[in-house]
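Below are the structure tokens for one structure; questions will follow.
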């Protein structure tokens, strides 16, 4: 399915400044990106960087004079996905875990899995399969954490969310990742455009490594999983930040839009949950 | 200079278990490793893994039966170093920072640089060069944090150390890294063998990216910098843990020894500080 | 019922020092104290203080020279109790709460009720009576927190325990109090001698104000409630510390013993729970 | 000197609710309150409560129907003060501290003095007198913490402020109290009306017990100390909250005004600091 994604980010610069933006749709074997344009309303030096952690594109934008700045991005992207029977999916034990997955069982800035072992085991209970454990965690978060913008800050991490019992998509995924990793199951963070997300904004979900692939979960239950267009994957929001600002610059407004170019029959987290199906984003 | 490094790690297994050990000396252009042996006192399946984050060797050790286990490592390694004038060394601004260094200005599990911007700026003051700023941070930590084993746990991070005002080498380096990154200067964690460290143990230091290379600092002032044999480099202790244990296993005892094979004329942190010299480990 | 309580506290002084001890059995209308003796093995200046918060006796002990010190306390005390039907006990609403109970719905050092409102409501669910809500909290703690000495420190508070899922009697009660106050139900901390507690030690429980009296709960389920001899009541461990030390002094060893002078037929927390009975300590 | 203080507090009730307000000027031997009126713009049941902790007046306001509510308070109060030479003022050692001061050396909800001993000693340095130590703490806070509304929340405590390096009057005083108590010097929190505070609002300061009286300090340096009209004294904001809300009610707006009825020649914190003078509020 093809999606049109657009984003407008507005800034106010008091001086020269640098933006590290991670808003371009990721190019993967399963996701083709067409006719992509990132532009600014005044001269800005833009360079695409890729580094080995975030598995996405960082664009460095250097602006040399003060004043307002507006960035405009639009792209057409065609994510693909597959559905597989989840119920018996296991996770590789650390005794056989491929080396490249190790970073995803370690704790990270916003996902202190080392501090949440007891809570994770309590929530996962005595489920046998890794898929069942991860599903229990996603369900628990959906039931116990309120989606409430404004209740958390960018410095809040999994342990804060567990206490506050509220947050936004970023927080839901951080908590999920911390709990999943606490069970030694690899988990990573994903930033995305999301069709049918209301209101439209950037979105965050997470993937757990089950069977032999990364399976996508949305603990907020807010966006159809087949409407997700991947921007970046990483440890957590620390290495997938949509925009990091350096210099005397403040962000003012963000407008995001993601629409499918043909009718989208939504595949929801709830539906996947009931049918014990795993969703694999291409 | 050539060093003989040895380590003995003893464990007690109640069942089969997996150890991910990162205790082998790193092989780099500047550090040759000779006659290396890692052995166990009973059958264990050992595989060397390298993953892209830790920049060192992980050895996966799977043991299939309960009982005591002793790992013995010994190697001869020849780290090299160079000394360069530090005073005017700058750090690449985010507007020009090479992509592969980006991960080292982000916050990580034990180095919450995003929460320590004000403190970092206060400590660094109005120093002009990045070297001078990092030196101020190293000095501040040396003066304000007490080296006191037993006062911190493996879950303590930079913000905890800042409050407790005490810790061990791991804690000193975590705090230093958090403060350095808070100034947008890349910093990474280093685990090591260390000659003339008293008492002998594994050691942790940190490197800041100054000029065009990683410069080594030891905020504990406990080990000569030219006695450091690098094991691994990473974000922090989360991806350079000396040994991560999976299964029903507990560690009992660690013995470490690092000796230079010819007399070592120590280059100390204090000396480097006074002469404003940067130490670059090969 | 009459109990014999004894405590021996050993210290090592490097210099003169002051101990504020709160180990004497409380004298209340419902608890008579007989033949009480607090003595030291060398000259010490002892003064009993009572202040309006702790509702117990503080003994100030000034010692003017270095060396070992041993304090020995013994008393005979006769706590009384009553049992009342709990199921429908309510708690006074803030609109009618007597002024002297206000301090017990506020957050305190180790009981940050202001941060646990969501968790408390989730645990208490839609129970109608205050007794039922408090019982749900006590049950939840008993089921979800492991009694594990050595896993917490004296600086840990309710929010830490909630994360660690383990602790000792002090921690269990701090978490219970924080959750109960978060529902605007007054709760206070109680230190005690406890017959049939294994192994013998000082104990901590908590009281919730239900109906028109303070009702005692032991979320650890470790001591019979009719074996409790009250020492002090307060906000939390901050104002009921068994011994606060000032000067160059460290504690070495504590021996506690509480025995009933006639056979004690234990009334357990579990039994009270099943019969929905409230236990009121005299 | 006589002051006119007024406060208007606006609320929106979705249902019946209770407000515990602590906004009346305190009546003390040194502060007379004249012509005091607390009224509401629609029927509300008001009762004055005094409890032994806050040392001020709590007014319980029960409102039985939904809708907007406006409370209006006005009073004339005549605080007095004295100035005494501070330099050599000491603080009673715990070995002689009067019992009623004990609660003010214990940690409390927002002032975790038990966690800040090392930081406090570092800041106070080797000053000899308690006055000099407290002054060093007040100076340090004034220099290192930015006054920045909006950077902290009502759940932030002394340890948070120390990390964030910013806050409002409440936060400045919490940090000061925690540090002062960490040195075993009694400290308490004070809420107030404050003439010449810009912009006008409720204010918070703190008092340390030096010599044989409570001495007032304003670590924000924002209000003349002789323009302070005391509302309440307590452990911290937990027992001196200006308004605690119970029920389905939210606050909307607060307007405060405090004016001296004859010209006020301001006595500033900075002036007191330079002249090493202690300010004692009557």
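So that you can tell them apart, the chains are marked A, B, C and D in the order they are listed, and the count of residues begins at 1 in each.
As a working rule, a contact is a pair of C-beta atoms (placed from the backbone, for glycine too) under 8 Å apart; a residue touches a chain by one contact, two chains touch by 3 or more.
Keep in mind that this is a model prediction, so the values were computed, not measured.
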| item | value |
| --- | --- |
| Steps needed, at minimum, to go from subunit B to subunit C via contacts | 2 |
| Contact-pair overlap exceeding half with A-C, pair selected from B-D, A-B or C-D | B-D |
| Same or different contact residues where subunit B meets its copy subunit A, judged by the half mark | same |
| Geometric centre distance via CA averages, subunit D-subunit B, whole Å | 46 |
| Chain centre separation (subunit C, subunit D; CA means) in Å | 31 |
| Computed distance of Cα centres, subunit D from subunit A, in Å | 44 |
| Multi-chain contact residues (two or more partners), subunit A | 115 |
| Set of all touching chain pairs, with the criterion as stated earlier | A-B, A-C, B-D, C-D |
| For the subunit A and subunit C complex, residues of the former touching the latter | 115-116, 118-119, 122, 144, 146, 159, 162-166 |
| Interfacial residue positions of subunit C with respect to subunit D in the complex | 18, 20, 49-53, 58, 60, 62, 93-95, 99-100, 102-103, 106-109, 112, 114-115, 154-155, 184, 238-239, 244, 246 |
